[in-house]
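In the two assemblies presented below, subunit A is common to both, partnered first by subunit B and then by subunit C.
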Partner chain A sequence: MTRMLRAARLLAASLLAGGLWLATAAAVAATDDYTLPFYDPNVSMSYGMDRDPRAGVQLDYTGTRWWDSAPHWGRVYDNHTGLDFPMALRSDVAAAKSGIVIDVEGGFGTQQFGNFGNFVRMSHADGRHTLYYHLASAAEGGILHGPGKTLIAGAMVGRSGCSGLCWGAHLHFEVLRIDGQLSIPIDPMALRLWTTWPGRVPFLAAYVRESNAGTEVVKRGATITHWVEFRNIGGRTWRNTGSPGRIALLTWDPPAHASPFQAADWSDAANATTADQAAVAPDGVGRFTFGIRGGPPPGSYVETFNLVSISTRWFDHDRLGGFYIPIVVSSFDP
Partner chain B sequence: MSVSVRAMARHPSGSGPAALRIAMVSLLVLSLLAALAITTTSAGPPDALDRLGPAEARAAGSEVVLLARDDLAPGLVEVRMASASASVPLELLAVAADGSRAAFAPRRGLDPTRLTIAQPDGGQTLVDLEGVVGAAFAPDASTLAVVDGSGALLSVDLVAGSVSTLAPGPFLGPLEVTGDGAVMLLAVPSVEAPFESRLVRFEPTSGALTALAPDGLVYGARSLDDGSLAVVVHQTGGGTLVRRLTASGASVLADLGVGAVNVSVAPDGRSLAFERAGEVFLTAPGMANLRRLGSGSAPQVAPDGRSVLVRTSEGGLELIAVDGGRTPIAGAAAFAACGRCRP
Partner chain C sequence: MTRLARPAAMMALLVLAACQPAGSTPAATNASSRPGSLAQDPSGAASVPGSVASEAAGLPDGFPLPPGARELPIETGSALLGRWEVDDPGNEVYDFYVEQLPANGFTVHAVAPGDTVAIVRFTAPDGRQLQLDMTGTFTVRLELGPIHP
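Moving on, here comes the complex of A and B:
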């Protein structure tokens, strides 16, 4: 049974990693420090920003000019000042960059139609602001923080909705250049403000391989070393220092539970390790090496792990292939 | 109306001399004007303005009936489809001050739509628009100011039967047309995501825009009977404040706190209705006599402050009296009274 689960996990990880790799094969050098403002890599942009202020003339992020006022799916609609990302109601919305919440509105209903809607506005160290509009009501978790709250890149700012002038749940995202009292929308697509091209969600990993893809056997009381490698298919560089934001391998299912296999090199009973490398850039492969101690009585066990950006966000465990390690604790040396 | 020094001094981000702040607001308005001017080259009036006589409207099955419902609340006008078989939902956009005309569309929004203006004789004026987000009649009902889906400000001349673009915007409502023909409305950076909105006065004859309040995010405003302005303002962090602006200064009419939205102020400024978390509340200046009226949204307070028109969770309308009694309204409805713009 364990072997079957493990084989399924490896297959799923390979498929997911392969598919995502194909989707991001055109990645080029980073231009700035923004990532997509959500976590689900299946979300894609429905309409981008119109860089031509004239009514009836549209300039999309690719430089294509449309001499009409019709909406062009995936590209632009007339006088659109931001990027629209359709997503289910109450989907998690992420900070596109580290910054400070400077204003929020959460009083409108999650799907309340009207001239105004719920939003979060953040200020960033580069002087720009980001805007997250049409959010769910504060009562439904649309707004998670008040003004003054510092959020690191990729932290959750709220949940999506359809408040305001909205005909279907989506996130309207803007990057604003501040010029005195004026807030001028700029196009993160045309300017390639993302850490990668195309933009990616902040945190995502794909299983690559591990030191022993089969069952680990450890004598009770002894410790063995295990390593696993994940490819960084998100937009954020993984760092093994700093808090919050350090990328670590923790126990999962339930999240951050105390593990009976904690070895001396773990930082606590749930935190197995950080990446061996100081930094793992997007598309890079990070290795996570840690000990497994035969703590519990002899028998067969499974320990499950997931990556987390400390104090920020768990990774999507399914996209890690549901990573776990079958462990047999033996009375004898294996 | 201009912004007084005291009104300016209430700007949350301002602490310097009033003159400096006036200059900053002026600069902002000039910048907004410059941004608006960029788009003037290709903004044009809508193509079509049609008129249906009463018989034609009847034949088309689109005839509407305007009912004065003063029996329920003073100034309440109900708009119904005349034909029982016509069940097209009406998004009522504006009612003339005397209740004689109403403007409606199938739905507000950015998509192309047909605006209908129902006339006293049963005839209709039809205007095809690139969406509509707000409208208001002039006090004498001779013109209708409209903000279309692109945020452009249009004027429908109901006497001459013409439509013209006054300014490309983008703007948002609520609008108000004053006795001298000026339009009070909100200048926004975008129609879809207005994270900023400035209360401005637009002069059709000169094309001039004048800032009426220094606040960065205004949700709405209305003229009051005494000539002052009630301005609903978003405060950083989600609070909602209602200011009263007069020629001599500004004061806080009510601090509604966090989560209060869709504020409606009676023309005399003595009653305010608002919504918070799906509940409708009625209060007086200074939050006196605050009372919860029950579930509902988008409240409109009656001119006498004795009842509030609300949208129900099922999408219908109900009139809630201060004693809690609820009266369903079959059609679309709004209050005709509009403060000092009444003839």
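Moving on, here comes the complex of A and C:
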């Protein structure tokens, strides 16, 4: 191969790769798919779906076939139609995708038998349904919404329990393909229905850096600009428009308190800003730029912030490194 | 706990154990006193947690068995240490092991409960790392063996 030909091929390959990367990035930003149906990133799947209907033969999401009926940790057990996630009783359960609640049952106590126990069933725009089984009873706060309620992806569906066929506290999550009157379980693991692979919890961020990691000094009555960057380590794309669901930086501790440092660019006394970028896909870094006004009398202060999906869910503040800004309000120009 | 207190506590436990009537153990007493717990086997033969296990070769000493557990044969060449079945709801059998393994000196590392199955991984007092698979609905099958995928 000549040097020129090789260079041309390399250029073509890199252009193609670049195009593919852009296409992939755009696809991720444009079309979020399913996320894990809970918020705690420490929860892991104990058993997946069995894609082989024969008793005594199991086909797990990796394509491995097990010629037995023993349970296989992290993979599968015989004739299992969903995904099991062990979690403490009354853990928060999230909608895996935006949709409408179409059916609920909330009358079972813990470990009362009925096939599925308390559950929520949702219908989604892609034509599929999701099921959240073994929830705590309505009286225990396990069921939060009735049929007809629209929930955005990541909104809280209910709380886990151990109702129905349940040997220990866990969530049984199921995705169904609807074929006429039939509801056919499908495997979100094998089909890679997640926005990210493997699935991630909807909302999670990690602190990256900020414009001034030390103390901000601002003259009383003046405004300075501060920015902070967080990496999106959750499964949903952050967007700076739309409500509910817009990702914003709000005051914290207590949540959404009126800040004495509100600047003119804040949308209200608690809401400092949204991401600078229109969309921050999973693994991307979002920058949040906002003003800090020297409102209160001269002195030393601390203002604490947290990310939130508006009207949906606060982020885990500890994973943001307990983000706060030490602020000194001065009588003089710093 | 101080160094002096520890031998005293152990002595108290030994005295308590010696005071138990024959055929009774703390595990069996707890199980029978809990509402909705495992039924006591009237024959008494398999109602003592650990009694079946101690008779089978290769089983760790003190491995607890639910009252009424029936031993099942093991295929030749199998790595299993024991197989049993018991006529009780799965959640009760699972709860039994979550409580009784630590109470009998086993260290539970991880549990994976599901709809009609559960796995418990633990270290036996003799140091072996083992796994108990539980499957079924109202008759639960128990399989004890080395940790496997």
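Of note:
What we mean here is this: the second predicted complex is superposed on the first by the 296 of 334 C-alpha atoms of A that agree within 3 Å, B and C clash if a C-alpha of one lies under 4 Å from a C-alpha of the other, contacts with A are read in each partner's own complex, and residues count from 1 in each chain.
By our rule, contacts are C-beta pairs under 8 Å (C-beta built on N, C-alpha and C of every residue); 3 or more make two chains touch, one makes a residue touch a chain.
Everything numeric here is computed off the predicted structure, so don't read it as measured data.
When both complexes are superposed on subunit A, subunit B and subunit C end up clashing with one another.
Contacts of A:G142 after superposition on the shared chain: neither subunit B nor subunit C is touched. In the superposed pair of complexes, A:H80 makes contact with subunit B and with subunit C alike.
More residues of subunit A lie in contact with B than with the other chain of the pair subunit B and subunit C.
After overlaying the two complexes on the shared chain, residue contacts for A:A55 are found with subunit B alone; subunit C is out of touch.
Contact with both subunit B and subunit C is seen for A:L165 once the two complexes are overlaid on the shared chain. Of the two partner chains placed by superposition, A:G291 touches none, neither subunit B nor subunit C. By the touch criterion stated above, A:P326 is placed in contact with neither subunit B nor subunit C.
Judged by the touch definition given at the top, the superposed model places A:S69 against both subunit B and subunit C.
Comparing the two interfaces of subunit A, the one with subunit B and the one with subunit C have residues 69, 78, 80, 113, 133-134, 164-167, 172 in common. Those residues of subunit A that touch subunit C in the shared complex are 46-47, 69-75, 77-78, 80, 84, 86, 111, 113, 133-134, 162, 164-170, 172. For subunit B in complex with subunit A, the touching residues are 24, 27-28, 31, 35, 38-39, 41-43, 108-111, 130, 133-134, 150-152, 168, 170, 172-173, 189-197, 219, 234, 236-238, 240, 258-262, 276-278, 297-298.
Every residue of subunit A that touches subunit B in the complex is listed here, in rising order: 53-57, 69, 78-82, 102-109, 112-117, 119, 121, 131, 133-134, 137-139, 143, 146-147, 164-167, 172, 174, 180-183, 185. Within the complex formed with subunit A, the subunit C residues making contact are 89-91, 93-95, 98, 111-119, 121, 133-135, 137, 143, 148-149.
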